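Across the two complexes that follow, subunit A remains constant while its partner is subunit B and subsequently subunit C.
So, the complex of A and B:
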C-alpha cells in the first residue's frame, strides 16, 4: 500500500531568484515546487537550471518534499531541465500542460533513462501532472492511470479558463465540474488531488473560502504562490479534535492487533481496514504538524514492516 | 575554454551577484562585494573552484556580489562562463 505523504501545501518558488530559493528550508509548507517554467523568462532558463541544481546540491538534509516544475514536453527546454536538476535528487517532477496520458508516459520513459544514468533506484522520481485545459480534463481519467510514478494530479484553473475563453470569476462556479472530474479520476486510482493556485495574494478572505470549498470537495491540498498562504491552508485542512481522537484509537487498535499477530481488527463494531488506517495516519500526520499531538507516528509499527 | 564574447549573468538583488565576462589574453578575476572584508577571500576561492572545474584558460571575470551564498556564486559564475565561452 502506498505510504501517502502529507501534501496540503505546495508552494511554487521561482528557480531564478537566490533570495527565494535559499528560504526554502524555512518555509513551513509540505512541498516546494521549484519553477523553471512560467516564473522564468526564456533568456534566464539556463541560469535558473544552474541555480536550482547548485541550491539542491547544498540542501541535502531536506525537511520537505521538493519537486521541479520543468518546461512542457512541447518546448525545447525540458530535456535540459531534467538533465540539470535530477542529479541533485529532487523527489520528483511537476509536469505542466498535461493534456493526455501519452505525455505522462513520455516523461516516465525519460525518467527511466535518467535514473539509469544517475545510478539511483528505479522509480525514485515521482510525477505530479498539471491538468490545464478542457482537453486535459476530458482525458483526466486515463491520465490518472498513466504511470505508477504519478502520485498526484494538479488542477490549473488559469489556463483551463483561458482554454474555455472565459474570465475567472472568484465565485468559481465554472470550476465545479473540472474539479469534480479531476477528483474522481484521482480517487478511482488512489492518487492525490491538488487544487489550483489563488492568484490574488491580497485577498486572504477569498483564499480561505476557496480552501474551505476544496476541503469539502475532498482535495488533498492546494498549490500556492505566496508563503503567507501556507498557514491558512493548514488551518483549514486541520483535523477536528474528534477526528484526531478517533485516529488515535484506530492506530492503537491496529498496533494491538499486529502485536497479537492479526491484521484484522474491529473498533466499536466497525471493521478497521487498510483505507481506514491510511486515513487515520494522514489525520495524525496533519495533527502532529499543527502541534495538536505529541505522539510520533511510526508507520512501520502501524503498517507492519515490509 | 576561453571567453569569446562579452556577456553577464545574475542580478543586483540582495543575496545575488552579477558576473560580467569578456575576452582577454590571460585569466583576470576582479571581485567587489558588499561583504568584501569578511568574505572576499572565500568568494574568490569559490570563483577559482568553478573556473578550474570548467577549465577556463582566459577571460576577464568581474564579480559584483550582494551577499550571495556559495551555491549562488557557483551557479552565476558557471552561467556567465557558459554564456560567454567556448
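So, the complex of A and C:
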C-alpha cells in the first residue's frame, strides 16, 4: 500500500547541478524529483545522467522518495535517461508530456525490461505521469488506469495553458476544470493527484493561497521548484489538532474491532470502514511528519494484517 | 626580527595543541579550561594629567597630535574598527608616523581590515614590527605564507579589553575615530557623516592608553552628545576632512538569507533554542549579522510574537533586526558594542533602551561581571568545526590566518546555550571535520552544531535530542555528521606547516588556545 505514502511536497532538483544534488538528503520534502528534462540544457544531458547516477549511488541512507524526471518519450533522450539512472534504484520515474495512456504503457514495458536486466523485484519502479495539455486532460481517466505502477498523476499548468493558447493568470480560474478532471480520474482508481508548480518563487503569499486552493480541491500535494516552498505546503496540509485526535480514535477503534474479529466498527455513532481508516492514517502520517504525534503509523492498519 | 618561537620548547595545551613556552620573549600560558584561571594583582595604570581652564585640546593635524603625544620608536598605537572597511584613519596615522621617521611600532587596535593593506610597505620597511590585533585580509595571509614578517597576536573582544586592563598590552597612543566630537573631546558616535552608532571597542583605549587622540571629521560646538566617550578621557582633538568612506562603514541594510540551505539551518537552530527551554519571559540573545544568523533571529522573533514572550535584551553587534524587536516590544533593551547597519545607528542615537556597551562591559572576563555572562543564547558562525566541537574562525581552508575571533569565544563561554551554525560543506570543502586547523573557541563552550544535514549536541544539551527528533529535526553525533560530509567531499588533504610560529590565538583569559604556523611551500 505504498499509495498511502505522504506526497505533499515534490521538489524538482536539476540533475546537472552537483551543488544542488548534494543537498537532496537535507531537504525536508516528501519527494525529490531529479530533473533530466526541462531544467537540463541539451548539451548537459549526458553530464546530468552521470551526476544523477553517481549521486544516487552515494545516497545510501535514503530519507525520502526519489523520482527521476526523464525526457519525453518523443525525444531521443529518454532511453539513455532510464539506462543511466535506474541501476541506482530510484523509487520511480516521472514521465513528462503524458498525453495518452499508451505512453504510460510504453514506459511500463520499458521498466519491466530494466527490472529484469537489473535483477530487482518486478514493479519496483513507480511512475508519476504528468498531464500537460488539453489532449492529456481529455485522456486523463484512461491514463489513470494505464499501469499498476502509476502512483500519481501530476498536472503541469504552464504547458496546459500554452496548449490552450492562453496566458497563465495567477488566480488560476482557467485551471479549475483540468484540475478537477485530473483529480477525479485519480480518485476513481485510487491514486494520488499532484498539482502543478508555482513559478514565482518570490511570491510566497500567492504560493500559499494556491496551496490552500488545491488542498480544498482534494490534491495530495504539489510539485515545487524551490526548497523555500516546502514548509509552506506542509503548513497548509497540516492536519488540525482535532483531526489528529479523531484519527487517533479511529485507528484505536479499528484495531480494537479487528481484535474482536470484525472490520467494521462504529465510533460515536458513525461507521468506521476502510476509507475512513485510510483517511485517518493519512492524517496521522502528516501529523507524525510535523512532530504533532510520536506514534509510528503502520499502513497495515487500513486493511488489517494478512 | 624578534624571536618567533622557533627555538622555544613546546607543550600541549588541554585542547591537544602544541604551544611554545614563549613567543616574542613573552612566556605563554597554555589554555586549560574556560573558567578556572584566577587573575591576581592590580589593574594597569597610566599617568595622571591636568587640563586647566582655557587649555586648548584642538590640534591642527595628525602630525601635531603625534608630536604632542610623545609617540616614539618601539611604542604601540591603538585604533578602533568601527569604521570597518571604510576606515581611512589607521592608514593616515601610519603614513604620518613613517614620514616622521618613527619606527618599530606595534599596532594594537581592535581589528585590521582589508582597507589597511596599504600598511604592507610600512611593515616591510620596519615602521610596523608587531600586530596585536585580529587581521582580516591580505596582511595576515601574507604573514602566514612568509611573504611578510610581522608577528600577529589575535585576541577576543573581551580578551583585548582584559589585556588592556591587566597591562598585557599597553597602548601608548590611541587614535580614536570620532564621528562627531567637540573641541573638548566628547566623542559622539551616532552623528556625523561617518556615524557608526557606537564605539564599544574604543572605550578600553580611552580608559587605558597613555594618550588619547580623538580624530573627527565633524567638529561641533560644545557639547557633543549623546556622549560615547567623555572629554575626561580625551587629551587631544584633531579635525580632519574625512575619516573614511561612509558607504563602507555600515551596511545600508542587513538581510535575512534567502538561501534555502541557510534557511534550513536557521529553522533547525530555532528548534534547538525552543527545545532548550530557554525561550521564555526574560530571554536574552545574540546573533551575528550574517544572513543565516539573522534568519535564526527572525524565527526566534516569530516564536516570541506567537507566544507573547518579552525578552530582556539583545546584545553584541546590533542590526536593524534587533532594533525592530526592541521597537516592537519583544526585547526590553539592546546592549550595542558595534552597530552594523543604518537602522542600528539611528536607533543608537535616539532610543535610550539602545545602550552603548564597551568591549569591557561586553566580554572582559576579569572585570566584575560582563554582559555575555547574562546571555541565554548566542548563535555563532564557523569556518570549521571538529569532533570535539572546537571551532575555527581564524584561519582559512588553506591554513592561512585571516580573521578575528571577535566575540566568538567570549559569548560561547558566557551564554547558557551556544549554537554554532554553518553549512556542512562550503565550496566543496567539509566544514565539519576531524580536527580544526586552528582552535579559536574551545568545544567545551559549544553546545550545539547546526548544519543543514542535522544537529549535533554537546554536553548537557544532549538530552534535548528526543524533543528535536519528534519535531522532525535530524539529530546526529558530530562523527555521523562528519562521516556524511566526508562521504561527499572525501577526506581533506592535511595542510603542511613549517615549525615557525607566525601568530598566537589568545583566549579571553590570556591563555593560548592555539598558534598559527607558517604554511609550507
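Please note the rule applied: the second predicted complex is superposed on the first by the 297 of 306 C-alpha atoms of A that agree within 3 Å, B and C clash if a C-alpha of one lies under 4 Å from a C-alpha of the other, contacts with A are read in each partner's own complex, and residues count from 1 in each chain.
Heads up, the rule we're going with is that a contact is a pair of C-beta atoms (placed from the backbone, for glycine too) under 8 Å apart; a residue touches a chain by one contact, two chains touch by 3 or more.
Note that the structure is a prediction, hence the values are computed from the model and not measured.
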After the superposition on A, what does A:291 contact: first (subunit B), second (subunit C), both or neither? second
For A:51, select first, second, both or neither according to whether it touches subunit B, subunit C, the two together, or no partner. first
Regarding the shared-chain residue A:22, is it in contact with subunit B (first), subunit C (second), both, or neither? both
Is A:231 touching the first partner subunit B, the second partner subunit C, both, or neither of them? second
Answer with first, second, both or neither: which of subunit B and subunit C does A:256 touch in the superposed model? neither
Residues of subunit A at both interfaces, subunit B in one complex, subunit C in the other: 22, 58
If we count contacts the way the header does, which residues on subunit A are in touch with subunit B in the complex? 17-19, 21-22, 46-47, 50-51, 53-55, 57-58
In the complex of these two chains, what residues of subunit A are touching subunit C? 22-23, 25-28, 58, 63, 226-228, 231, 289-291, 294
Touching residues (chain side subunit C, partner subunit A) in the complex: 258, 260-261, 263-264, 267, 425, 452-453, 470-472, 474, 484, 487-488
Enumerate the contact residues on subunit B facing subunit A in the complex. 9-10, 13-16, 68-72, 74-76, 78-79, 82-83
